[in-house]
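Quick heads-up: structures coming right below.
Across the two complexes that follow, chain A remains constant while its partner is chain B and subsequently chain C.
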Partner chain A sequence: MNATITPDRKSILANIRIQRFTPGEHKSAFYDNFKVNVETGMTVLEVLRLIKNTQDSSLTFRAFCRSKICGSCSVRVNGKPLLACSTQLMPILDDFKQESVIIQPMRNMPVLRDLVVDIDPVIEKLAKMHPYIMENRGRIPETLEQESLMSRQELTKFDYITDCILCGSCYSACSAASADPNYAGPLTLGKAYRFSADVRDSFKGERMQAAVDQGLWSCAQCRKCINVCPKDTRPAISIQRLRKMSIDDGIHDTPGSRRAKAYTDDVAKYGQVNKPMLPVIVNGPKGWAAIEAADNYLIKHGIEPTHQVCTLDGQSSTQKIYAKVKELESRGENKT
Partner chain B sequence: MSEKIRYGFYSGCCFQGADERFFQILQDVFAKVDVELELIVDAVCCGSGVIEERSELTSLAVNAKNMAHAEQMGLPLYTPCSTCYNVIANAQKRMQEDPAVHAQVNEILAEQGLEYKGTCKITHTLWVFAQDVGLDKLKERITNPLNGLRVASYYGCHTRNPADIQGYESADNPTSLEDILEVLGVQIVDYDTKDDCCGYHLAWPNNKLNMQMTSNVLEGAHTKDVDMLVTSCPLCFKSMDGTQAKALAQTGKNFQLPVLFLPELVGLACGMSAEDMMLRYHGVPVNIRL
Partner chain C sequence: MLTYDILIIGSGGAGLYAALESRSEEELRVGVLTKIYPTRSHTGAAQGGVNAALANLDSTDTWQDHWFDTVKGSDYLADQDAAEIMTREAPMVVREMEHWGCPFSRTDEGKIAQRPFGGASKPRACYSADKVGHVMLHTLYEQGIRHGVNFLNEWQVLSLMHDGTRCQGVTAINTQTGRVHTINAKAVILATGGHGRIYWTRTSNAFGNTGDGTAMAYRAGLPIKDMEFIQFHPTGLRRTGILMSEGARGEGAYLLNGLGERFMSRYAPDKMELGPRDLVSRSCETEVREGRGGPEGEVFLDMTHLGKERILEKLPQIRELCIEFEGVDPIEEPVPIKPTAHYSMGGIHTDINGQTEIEGIYAAGEAGCVSVHGANRLGGNSLLDILVFGKRAGKHALEYARGASFTPVSTEQEERDTQMINTMMDGKGSGITIADIRHAMGNLMAEKVGVYRNASDLESAISKLADLQEQFKQMRIQDKTKAFNTELVSALELKNMLDLAEVVTAGALERKESRGAHTREDHLERDDKNWLAHTMATQGADGRPKLEFSPVTITEFEPKARTY
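And now, the complex of A and B:
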């Protein structure tokens, strides 16, 4: 037997703590504890099914394809959203060095029952983002027989997102979505980027406006969504790219786009972000109030306020880097 | 005298204004555990993940430059800032995965006689203390154990997400911060909002949301009756200490919770005074008499 193919099999009698709740029936969510013999190789879903089949048939969860395709089985295990069907439990027990785990429904969505949440509010947000292609006439071939072809380079701009199975894990992990119910969330903005980056599309402008209206600049770039996505679609990266696209398309009048310009220009100029003057650069004249407040804070603590940026030494060579990148980008030769 | 551990010190952008004090504090605290920091003089700001919103290649080139200088010094790159860690580690990973991008970046750097070889090791305060110095040595140097102090520990997001930017510990269940705190003698208190993001990077694009997120994290810790929240990230520190009063006022909450930057608490446990740690510069008063 080859150890690299068949790992050491073990079995742990583990306590599976599951959050239960039926709206209307229970006053609040509570926990049920189930003892299960967890064996190497068992998925979270198998454990849930075992409990349902042998201990409590009322335990409610959702799953369908069992192959990481339908995206219906997301739950949180020890706080982390994941696909129950394609995540083994033993490595989690090992990682946490415990003989118990907590299984909860996803966050940021209403619980329908036990581990089942209502993902519709998220899908409604997605629908507002125009998640479809409006044909770009320039890319429609002359004859019906021809296909609308894309180059490999054009495809790689967005192909990594097409794998998204709308499982909602990223949305569950997102603290910005918890704090602001109007925020579109990672998967939604990821999709907005996916269609806007598609050369066959011509609807970018309106989709961009929808993205700005629904919180393109409300993502904190915490990158949790990248961490939890079972399909490695990297929503936070798409959000950065969508922001760039919006600025390139002339949406300059948001604090976020002004910050992007300020940081980028400052690093070339000073090798450093000009933090003392940032309020005015980003918010215009009303930023002076913030600078005054910062000055007062310093004076109160006995520090002489200065509006001088603390320049870093690397700045001269940085200007050359910028020039060279600009040259490559203007010729479309950048490999990023 | 034990052997010194040396790092190329990448300072980042956050230690300006009142926070300039941290340059000194970090060096003093590290000196207690035989760590020596050598400033990477030719470094520039990592761009905080914001330069990508204009040009990804620029960000990669600038951070390859930062790493190239550390490589020239023959030292690992140490940054106290979690966001700098995230951005630089991400650049490293991106170039590792895509040799064409790596080659193009080196073409750009070549004009200044620089080359990013890809060998640079990057690290953060968490792993300097927990792994390079080691918990045993840290324990040896503690002259003022902080027994019984109830502490909410807070990593922030950028040393943890995504999982593959660090190979030091589990991303889903990191323990370095708690391991360090335990050695200092404190009692670690678990709380619900521990894994939430403080929203610091929304300070400019959406300040209201930043305040809401900061307030949420603080409230989670506050309800557990802790003496303080301790974070390993200087930007989380800014959000949760510097803007705490504003965040709580805007969200209709009425409490105050002292927040410490991890090196400050290590300093105190190693016998340095509140004055040495310049705690009077905090936005929320820290009345520590240990």
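And now, the complex of A and C:
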């Protein structure tokens, strides 16, 4: 101590490449390059603001809290969705060993201007998911003289999801959302699980139906949402749990849950999945059309179709693993 | 013309609670208009807790204890009847939040967890890890979705309209299209938050905490109250003003000046770094003023001696904050900090139902001033204020709107506002930018109307602010696109901030005493004989603030020296 403090602050002249687009003014998106002296300590947001303040005041982006809690400022930097306000730029320049970065708006949502996207479609999907508690009168007293009791274990089941700031980064990265515009998206399904796992809630059934209708079984479990979430709310895990909940609660009558059930039943029975018969199990009699089409295709290529399950050596060990998993599950859900 | 029976401006805790309270099963149209998306509001940034004497941790706690702590904390400037209502109703509103699904942390018995907080005699801050404002805001928003609350997102209100006795509505610009609209409303609730941004980068507040509603009310002739009282927090990060909580100092972090000295030994030799917020803020400021700051007028929070293990174990979030926002790892080097403007005690003058002097116009939350915080707000009382008075304003507005008729309004104001915007968009201007003026304003306010104040600084601030007003008139917006013009949004906010900065400064100059957050170097004592009074500012015919003073309501606790 007692030596003068002289912080080590470095600075690089960097090229910041930003996607620009104003609907109605431009035919298509294009890029502008800005030269900025990036210093140690500067966040992506500070760089955007510096450009707006000193080089081009029409550069458009959202930001509000600048402290990682409001979820306004998601953009993509070198392709990855992140919060501009809590991302240091210098380490990114160092990582890519380049004096240049590219900043673009989030994907899977229409661009309103430059880096600003329209999040209304996502909010509308969220609203359809019944994202709120409906009082379970077994747990929540009628009067404000008393609070409801909830154990720490009960809270832990969903507390990690309440960190979500609705920033949309996961939606931008989501494989299922780019394949199917009707897919609810990771944050929305995460919220569905959050409420259904809350012992104070009484609306699980309706919410589960909404989740199923909006693609609970369309998630590809690619886990990109987990990788990009700045709040570590792990949507893909919530989706798995919601799926399990839907099966446990007996919402069997959906293609996804039927497929899941067929998988698990087959594994229990044969030690492997009876793939040839899946279309029928999942889609009912309609599935035969798919099987016939596949059969014809195989015959055309000189292969004899089979609807039998082929058994393999070692199937008994698969069955053992399955039995073990069931046993673990019955002892209680895994915690993260 | 858009019409609403009740129009709520702002979607922070105060606005959303008012909306839930005033939504009704009847045929009333209730809308929430907000310049961002509801869950982006600054309420979400509150980390510590919300106060209510639930007595879950200390069974001897009562709302009367809370009442006294609040009054004492306010340095006796709070109205005691209002503080009584707030502390008495606190347990109800916190339980209501809980019943709506707010995930508070839990005690061993499964009750709402509580923690000790500065200025509170018992542990009564209800918390949810370090995200209480965030979960409260989201819970209110979720219930809003459930009850079909009507949201107008990314709309910015420009002017408040009344006919001298009754509310007429507002004008507002839809940011996504750039069009100005007149909105006729029986009742308007202003829940637009604080104005910490008049200190620009020297604040813990969000970019949009620019006091729009307060400035609008002021321009519409309503009195705004106790504006000179701004709470400073000693440890904001150098670059951004983002808050570093007391947690680090609690773990044993040192405050060092640029020479590497533990300077608190000069000011609070016993308590050192753990002295009260205002004292620590003043000490940091003095070091810099006397030339012992770092290269950029900062001091340092040093944790290096705590060692890697202890930092990783006890202060992981604080470390993350330093790395993400300042690019400094506290394990390796001291973190540069500056005192940061944190909370606006003053605001639109209202009664205990949130009502202003104009029928049908209400204010609640940080934008309002009932007054429950007086000269200094206690940690955890602001989230409580927004719940209790948001709810009361909503309830009262509902009753009012049920009985009242619409007061007709012309499009005159809309035309004036459109004209004002066109003028700002027209031509090239003097070359001065919003960023220049904002920067100058923030530095001026931090230097001359900051932690320390004195007559000559304040006088020079008044004249410099007038210069900035002039420069603002010459300023032109370079972005000529109508849709999503964020430069225009900023210009409109700056106009509001310049108006409020002047009122804050004028109040600080007039108040010749030191009370709570207001410290006059030339009048260091509290002076109850002359200054136990609320400052009421209205805009004079010349556009300058006119100050009057009104008595403080004292019902139970006679003013005493405030010692801890």
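The working rule: the second predicted complex is superposed on the first by the 242 of 336 C-alpha atoms of A that agree within 3 Å, B and C clash if a C-alpha of one lies under 4 Å from a C-alpha of the other, contacts with A are read in each partner's own complex, and residues count from 1 in each chain.
Definition applied: a residue touches a chain if its C-beta (ideal position, glycine included) is under 8 Å from a C-beta of that chain, and two chains touch if they have at least 3 such contacts.
A quick note: this is a predicted structure, and the numbers were derived from the prediction, not measured.
By the touch criterion stated above, A:I123 is placed in contact with chain C alone, chain B being left untouched. In the superposition on chain A, A:I303 makes contact with chain B only, not with chain C.
With both structures placed on the common chain, the touch criterion links A:A63 to chain C but leaves chain B unconnected.
Residue contacts after overlaying the shared chain place A:Q146 against chain C, while chain B stays out of touching range. Of the two partner chains placed around the shared chain by superposition, chain B is the only one that A:K80 touches, whereas chain C remains out of contact. Residue contacts after overlaying the shared chain place A:L13 against neither chain B nor chain C.
When the two structures are aligned on the shared chain, A:S178 is found in touch with chain B, with no touch to chain C. Taken in their complex, chain A has these residues touching chain B: 78-80, 92, 95-96, 175-176, 178-180, 183, 215, 217-218, 220-224, 226-227, 234, 240, 243-244, 247, 254-261, 263-264, 266-267, 271-273, 275-276, 278, 282, 294, 297-298, 301, 303, 305-306, 309-310, 312-315, 317-318, 320-322, 324-325, 328-329, 334-336. The touching residues of chain A, counted against chain C in their complex, run 1-8, 22-25, 40-43, 46, 52-54, 57-58, 60-72, 85-88, 90, 112-113, 116, 119, 123, 126-127, 130-135, 140-141, 144-152, 154-155, 158-159, 162-163, 165-166, 195, 198, 200-201. Put simply, chain C touches chain A in their complex at residues 36-37, 39-42, 44-45, 54, 91-92, 95-96, 98-101, 103, 105-106, 109-112, 128-129, 131, 134-135, 138, 142-143, 145-146, 176, 206-208, 239-240, 242-243, 254, 256, 258-262, 294-295, 300, 302, 323-328, 333-334, 336, 433-435, 477-481, 483-487. Residues of chain B that touch chain A in their complex: 11, 13, 15-18, 20, 41-45, 47-58, 60-62, 65-66, 69, 86, 98, 100-101, 104, 108-109, 111-112, 114, 157-158, 160-163, 170-173, 195-197, 199-202, 204-206, 209-210, 212-213, 216, 280-281, 283.
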